[in-house]
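Chain lettering (A, B, C, D, E, F, G and H) follows the sequence in which the chains are written, and residue indices restart at 1 in each chain.
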Amino acid sequence: MDNNLLMQLLRSVADGRTPVDDAAEKLRNLAYEDIDFAHIDHHRSLRKGFPEVIFGQGKSPDQIIGIMEKMHHQESVILVTRVDRQKADKVLSRFPEAIYHEDAQMMVWQIHTPQIVGHGTILVISAGTSDIPIAKEAYLTAKAMGNQVETVFDVGVAGIHRLFTHKDLIDQASVLIVVAGMEGALPSVVAGMVSRPVIAVPTSIGYGVSLGGLTALFAMLNSCSSNVAVVNIDNGFGAGYMASIINRG
Amino acid sequence: MDNNLLMQLLRSVADGRTPVDDAAEKLRNLAYEDIDFAHIDHHRSLRKGFPEVIFGQGKSPDQIIGIMEKMHHQESVILVTRVDRQKADKVLSRFPEAIYHEDAQMMVWQIHTPQIVGHGTILVISAGTSDIPIAKEAYLTAKAMGNQVETVFDVGVAGIHRLFTHKDLIDQASVLIVVAGMEGALPSVVAGMVSRPVIAVPTSIGYGVSLGGLTALFAMLNSCSSNVAVVNIDNGFGAGYMASIINRG
Amino acid sequence: MDNNLLMQLLRSVADGRTPVDDAAEKLRNLAYEDIDFAHIDHHRSLRKGFPEVIFGQGKSPDQIIGIMEKMHHQESVILVTRVDRQKADKVLSRFPEAIYHEDAQMMVWQIHTPQIVGHGTILVISAGTSDIPIAKEAYLTAKAMGNQVETVFDVGVAGIHRLFTHKDLIDQASVLIVVAGMEGALPSVVAGMVSRPVIAVPTSIGYGVSLGGLTALFAMLNSCSSNVAVVNIDNGFGAGYMASIINRG
Amino acid sequence: MDNNLLMQLLRSVADGRTPVDDAAEKLRNLAYEDIDFAHIDHHRSLRKGFPEVIFGQGKSPDQIIGIMEKMHHQESVILVTRVDRQKADKVLSRFPEAIYHEDAQMMVWQIHTPQIVGHGTILVISAGTSDIPIAKEAYLTAKAMGNQVETVFDVGVAGIHRLFTHKDLIDQASVLIVVAGMEGALPSVVAGMVSRPVIAVPTSIGYGVSLGGLTALFAMLNSCSSNVAVVNIDNGFGAGYMASIINRG
Amino acid sequence: MDNNLLMQLLRSVADGRTPVDDAAEKLRNLAYEDIDFAHIDHHRSLRKGFPEVIFGQGKSPDQIIGIMEKMHHQESVILVTRVDRQKADKVLSRFPEAIYHEDAQMMVWQIHTPQIVGHGTILVISAGTSDIPIAKEAYLTAKAMGNQVETVFDVGVAGIHRLFTHKDLIDQASVLIVVAGMEGALPSVVAGMVSRPVIAVPTSIGYGVSLGGLTALFAMLNSCSSNVAVVNIDNGFGAGYMASIINRG
Amino acid sequence: MDNNLLMQLLRSVADGRTPVDDAAEKLRNLAYEDIDFAHIDHHRSLRKGFPEVIFGQGKSPDQIIGIMEKMHHQESVILVTRVDRQKADKVLSRFPEAIYHEDAQMMVWQIHTPQIVGHGTILVISAGTSDIPIAKEAYLTAKAMGNQVETVFDVGVAGIHRLFTHKDLIDQASVLIVVAGMEGALPSVVAGMVSRPVIAVPTSIGYGVSLGGLTALFAMLNSCSSNVAVVNIDNGFGAGYMASIINRG
Amino acid sequence: MDNNLLMQLLRSVADGRTPVDDAAEKLRNLAYEDIDFAHIDHHRSLRKGFPEVIFGQGKSPDQIIGIMEKMHHQESVILVTRVDRQKADKVLSRFPEAIYHEDAQMMVWQIHTPQIVGHGTILVISAGTSDIPIAKEAYLTAKAMGNQVETVFDVGVAGIHRLFTHKDLIDQASVLIVVAGMEGALPSVVAGMVSRPVIAVPTSIGYGVSLGGLTALFAMLNSCSSNVAVVNIDNGFGAGYMASIINRG
Amino acid sequence: MDNNLLMQLLRSVADGRTPVDDAAEKLRNLAYEDIDFAHIDHHRSLRKGFPEVIFGQGKSPDQIIGIMEKMHHQESVILVTRVDRQKADKVLSRFPEAIYHEDAQMMVWQIHTPQIVGHGTILVISAGTSDIPIAKEAYLTAKAMGNQVETVFDVGVAGIHRLFTHKDLIDQASVLIVVAGMEGALPSVVAGMVSRPVIAVPTSIGYGVSLGGLTALFAMLNSCSSNVAVVNIDNGFGAGYMASIINRG
């Protein structure tokens, strides 16, 4: 309930147009309406170009379609993460306007043309070819949330010179997302080159003591650069989201 | 804000005694006043003989005394856990009515005589001599919270017959707290003998692969008896607290 | 061996009625005397309306049917947990009176109408959509054990206000079961709102450092609320069972 | 090496001005060409009012003083983290203008008056009394880096209503730092209330399965809110630094 | 090289029949020939009724058949562990005299009738229905190695009285193998009842914090009974082998 | 109470030399004796053939003396493990007949001259100098339990030839105890040389990824030799005990 | 691009045989070549003396072919690791000159006849039959990199004498690669026999507490021999590579 | 027994100077003398400038002195690792010629002037100030083993340009030792720059998820550069030793 509505109601009580009992009834649930209000406010801010995301893993195509049907009247963009080709095809047959990105296992339905609302450019860097799907998830999320996004893929620390040839892109980015598996060293190196915030995304890529991404995660948390913060293993969506809200500054 | 106050306020608006702006102001923060109200209600229920506990570890004697000074007017019993002898002596010189139990590293200040509010008897069983401090912490907590409490100490599963000689006590208990380190098998065995709830407390006692209590903890969570729930390693206080509120049923 | 029996035996040795070897033999087995008695007593308590549960995972439909055939004359309710649709259909073709709940992967055969034997209401709260199967397992178990059970599903801590709209249900519950995966924060929040016992159930839902439920489990064991005890990851049945016996007080 | 330089070099080889061996040598080091430039550029960005930090742990007072002597001509602020009282006193006797904050185990030497360069307000929230030192480290860092900083300490999730009384501060913050040990649930709850970025700091506070902060860390990485990124356990400095550069937008 | 051969060689040197150089050459490699000799001796002892075992997992039916073809002339019994039905059928079509035990995933080919060479009886006890395959592997191994073997299956610690009904078998066993998953408590309880050695076998049975058998393993290693030693998770063969050589005394 | 003493007492009752009341008095605590902080299991000698051992760690000298006072009338030998010099001196001043072995941190009180009851020789082998204390604990335990015991210390796998110089001792042992820290490879190598059972004892010796003995433990459990079973890290006593009962065969 | 080819090209420019533009064209991508999904590091051969290897796992046949097409003009040998039969067949249909080694899951395309550039012989030793694929990967790599390579397969520590029969080969090797799973003891034993460097390769072979190779890895890192260094679990390629560059001395 | 002695003995038998029985007696233990011979040979090769090392941790000054007294007649250099100042002073009072390096906690006694036997230069690089002690241990070891050794300390990946200023040293090294704690990224970056072998040493430096060096260790094992092999956490000595024998090539 917003302030205008509250003033209106109280004036109406003062005027005798609304009986005390009716007003009491309306106000009795105000506590949770107010929390709802917080909810709505939060919700509204979400709708301002922020996508709603559906975590597709473990959901059936029908469940995904069901949620999309409820959402698509109110949202300007809908993201579905972790959808394989097969599921995607079923959803696409219902919503053919949506676009499926198989490399990122992600579906983007841009209902209204996005406005660029981010101030600067977000740069997504990834270490190995196998890290590209997660990097793509971050890229598509940041894009859908109204940002200018650039990418530099396949620049591992074992051939560090490949990184330096992209120095201009790196210097000009306002937020950087760095995706790496195995030893997870790339975010440290990149963060040492810039003064802007780096969101590090460990991936589960690797074998042996990569431990499903834990080694990369721990290496990133131990980064000797201070402008690094980390999200969960393989959480490309989260990195794209976090970078976007930082970029709105 | 309770209902009477709300009706009173609205009537006062209807009567013109309270201006709309003032009423709006009062109602605007209602959401959090209501949560405050919940707070107070919760707080009151806590005061009904439930002790406030001070986690002594990492606090200086002066900090403990400071908190006790604020609390002792409103509480009927104050517990301080994880206090060593040295700290305890300093606190006792300020509050000589408190009693220090060195084996449990715990201080109990019974400001008012406790009433027995629990329905049945809580039985605390411990596996080894070294588990006694944690068992004592559970015992003292349950006692301070107004329960009839009995104890059976030093009955490990390697001499299971020692357990059976206490069968009567075990059968008659309404809640059981079972404390064990090392392989943590005792709660499973005890729980298999009774139909009442068992709160299992793993201790950090042991060496090698006892892993500081993790082995006992995991064994207890894997118990093949269903009437077992578990608290954190060495959390005698938590077990005593949980058993007490179950015993009030 | 009680004192009278010991005196009797020794007198009989003194009289020459019992040879020394026989007496030694009897004393050697002293530790295990009363145990058969324990057996019978324990068995009786089990029969007092508590359901027998069959852990379906890893058992063939034939094995499940075999066990059910032996049990159904003596039990008033039989639960089978962790049964998939396919297995369930085979069992149902033999026992069509049983009901299969696919979402909970659980079969309930209510042979006799259950009496409500629990004193209060058990409330099952779950955090995310994916936690519902485990929450349902807890719900069905508590229901089958003769309790009034209510549910509040899908109220994660990221939208904490959704929890508050159920404040009445929460306040009135005599025991609460809180099911959550990922960061496992919900039980702490709920337990901070009530004075009654909370049984926390971590689920294996999540990815990356959810570590198959370990993160949720550890978070719950570390709860800063004292009225929380925890069961194994995904152990909805255990939570329902534990809550039921607490609710019988 | 840009194209012009390459053409120039090859022409010079064709002309006989550059011997083949010299050209080969130049091409062999091709990978490392622009790097010195990166060096200088990076260094300059560091000098733009960002503090240099000295990690005090494991360094002697003399080593700390030595580093400070070299730095204080070029820096406007110097931070020393993880210094105990004893070390601090020795350093202060040499640099009496520095200020030692014992609760945060941190020394701040503000050589030139800081300008507020951050756009909005950074809010530091901490869960328990024992988390305050880390929260203070974050606070002092953000302050020294030229930000408006506010704090809300001691608002754990077990009494979630205490959080809501600070709703205004929370809503108005442009970046939030949330510090918590034990179950690490607070960042999720806070992040669910706001649309701005949350930097989560796990602390090593707790016992048993708090596992020295790993449980809080993993819980935070599993947050169901997407506007959360995480730094290393007890890394208050890193959180303050990261929040500051986000706040400069 | 045995003593006679050495004397012969030296005499031949003394006689001048063998030149010094040739003798030196022969003696130079003596170290490793002697070890070869040890080898043969060891090998012979292995052939005295001890089965050769083929670890079937990861081997193709053809590879298994190939090894069996080389072995069956020299061995009186051949064991193949971890073979599924499909592989077994292919092997059986080549060696129809072998017997496949599907529950134990094990094939036994008793080429010569085994003699009972063990002194006493080996007793295999298992905790749950799901532990039976591993228990059967231990049983078949001990049987094939010439022992009297008895079994008591499905006696978990949650119904400890079921164990006591087999007290006679337990008392009379000369070696005991105790197989258990989940909390792994059974070996401790059994070992507390007897004076003979107990070989404990943890199984990977369980879910949640059973951690693929690690919890049972650690619990068994932490046993408060001293007559327990432990083999690897699911290593029924190893337990049967170890019990057999103990039983030969 | 050991079997001989029991038979003697009963014969004396049968003869009329001991009145029934006196015998009853002696036997009353046979199952166990409750001395406030301990339930002493006097029955153990009858049941298991060896008295309880006192785990000295975490017990005060007075507690150790208290338990020894109750035990020494009925037992022929008392072992106290993990006692440091200081504690030992206090206990020795009360029981000067006991002998303290500082290297093994163990006290042995041989009340009656031990009979050699083991059939063969137990051989204790240890890998490094630092493993000797644990090896000594195993040695003293096996010795006190009536066995012929030999030792071969300091023969690590990095100089495998040192092992072979003891081939005779190794071949003739009826049970072997092999103690090793770091990579824990020695038991596998020794077990490959013999057909008798090997009890492997991992020690906590090492640094880095020795992980407090876990690496040695896991390596031993993974031994490719089948005649190996393992006890807990640093559990020399357990290995000595287990080897002794195997040696009684 | 290898050094010979570079010198050839530059000389041809100096001679006027190759126009500057053509040479520039060839050298333009020297630092790396960007082919959409990969940044191929052509400079590596110059910098490191060996071309990039293609990690086949997670790459499609088309991606592998794409990379090979770019590389084969400039490299004398191309390795593709972790390719299964199916993928290999597709790649072979494009590059029939390459040879696929199914046991090592590796493809080797020797474009120019390799020169033996290593000084001595590399010896690859493996412990069990199941370790052979990894050992083969090391063998093929070292071979392709221009070394004399010998192999000794299937010599586990449980039959240590089998190792000694190969003493000559072992003594003469200039670098040794030792591959072992399970308890990982073999590298320690081998390293104790020689003064040359040993590269240890843990494999993921085993079950239970082999922990996917972690146990072998940790055991190797804890080796009491100092001439051992370790590569990642199952990293046969890395061991072959490391041994090769050591062998070039 | 060396070859000359063997020939001498056999000639003496051939001459009739030594009776066959005496020679047989001498040769009977030859197997193990031969292994001793291997030992001695190995030992001799060790003495050719390879230091014997005494692991000082856990040894008393008297034990260290005792070992040094036995060794110093036969060795040209003696190293003692992990000795603190206090122990060192006691040892120095007995052997004043030895030199104690407090930063490396290491004592070096160069009895004879070392010859440079290594072919090239060993370069020791370390990441942070706190890693220097371990780097120094590696440096002193390689030095004592007769190598030209250079050092580059304090060049972390967060300021990667600092590394490039030492490019010449790095390019010219024949073996590189790279020491790093925290995220352990430095060895990957360095190894990507060179074609020579890199020995990576993880250190236990760091906090939070550095996990006592495990994170650095795992990151190094996951290095995307192939010319890296790793030694145990904090094992500077091992790295120096390994680099030395590689450098002798």
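Quick note on the criterion: a contact is a pair of C-beta atoms (placed from the backbone, for glycine too) under 8 Å apart; a residue touches a chain by one contact, two chains touch by 3 or more.
This one's a predicted model, so the numbers in the text were calculated from it and none came from an experiment.
**Q** Let me check something: if the centre of a chain is the mean of its CA atoms, which chain is farthest from chain A?
**A** The chain farthest from chain A, judged by C-alpha centres, is F.
**Q** Test of understanding: which option in F-H, A-B or F-G shares over half of the contact pairs of D-G, residue numbers taken as the match?
**A** Duplicate interface of D-G: A-B.
**Q** Quick one: report the Å distance separating chain C from chain F, using the average Cα coordinate of each chain.
**A** Spacing between the chain centres: roughly 41 Å.
**Q** Provide the C-alpha centroid distance between chain E and chain G, rounded to the nearest whole angstrom.
**A** Computed value for the inter-centroid distance: 38 Å.
**Q** Go ahead and note the Å separation of the Cα centroids belonging to chain C and chain D.
**A** 48
**Q** In whole angstrom, how far does the Cα centroid of chain A sit from the Cα centroid of chain F?
**A** For chain A versus chain F, the centre distance works out to 61 Å.
**Q** Spell out, as numbers or ranges, the residues of chain B touching 2 or more other chains.
**A** 31, 35, 38, 159-161, 165, 192-193, 208-209, 214, 217, 221-222, 232-233
**Q** Strictly by the criterion at the top, what is the full list of touching chain pairs?
**A** A-B, A-C, A-D, A-G, A-H, B-C, B-D, B-E, B-F, C-D, C-E, C-F, D-G, D-H, E-F, E-G, E-H, F-G, F-H, G-H
**Q** Using the touch definition from the top, list the residues of chain C that touch chain E in their complex.
**A** Per the stated touch rule, the residues are 29, 31-32, 35-36, 38-39, 42, 57-59, 63, 202, 204, 213-214, 217, 232-235.
**Q** Quick check on the complex: what are the chain E residues that touch chain C?
**A** Residues 129-130, 159-162, 164-165, 167, 193, 205, 207-209.
**Q** Could you pull out which chain G residues touch chain D in their complex?
**A** The contact residues of chain G facing chain D are 3, 6-7, 10-11, 13-14, 16, 20, 23-24, 27-28, 30-31, 43, 46-47.
**Q** Applying the document's contact rule, which stretches of chain G touch chain F when the two form their complex?
**A** 127-128, 156-160, 182-185, 188-189, 191-193, 206, 208-211, 214-225
**Q** Please name which positions on chain E make contact with chain F in the complex.
**A** Touch residues, chain E against chain F: 35, 38, 42, 45-46, 50, 53, 119, 174, 193-197, 199, 217, 221-222, 226-233, 237-239, 241-242, 245-247, 249.
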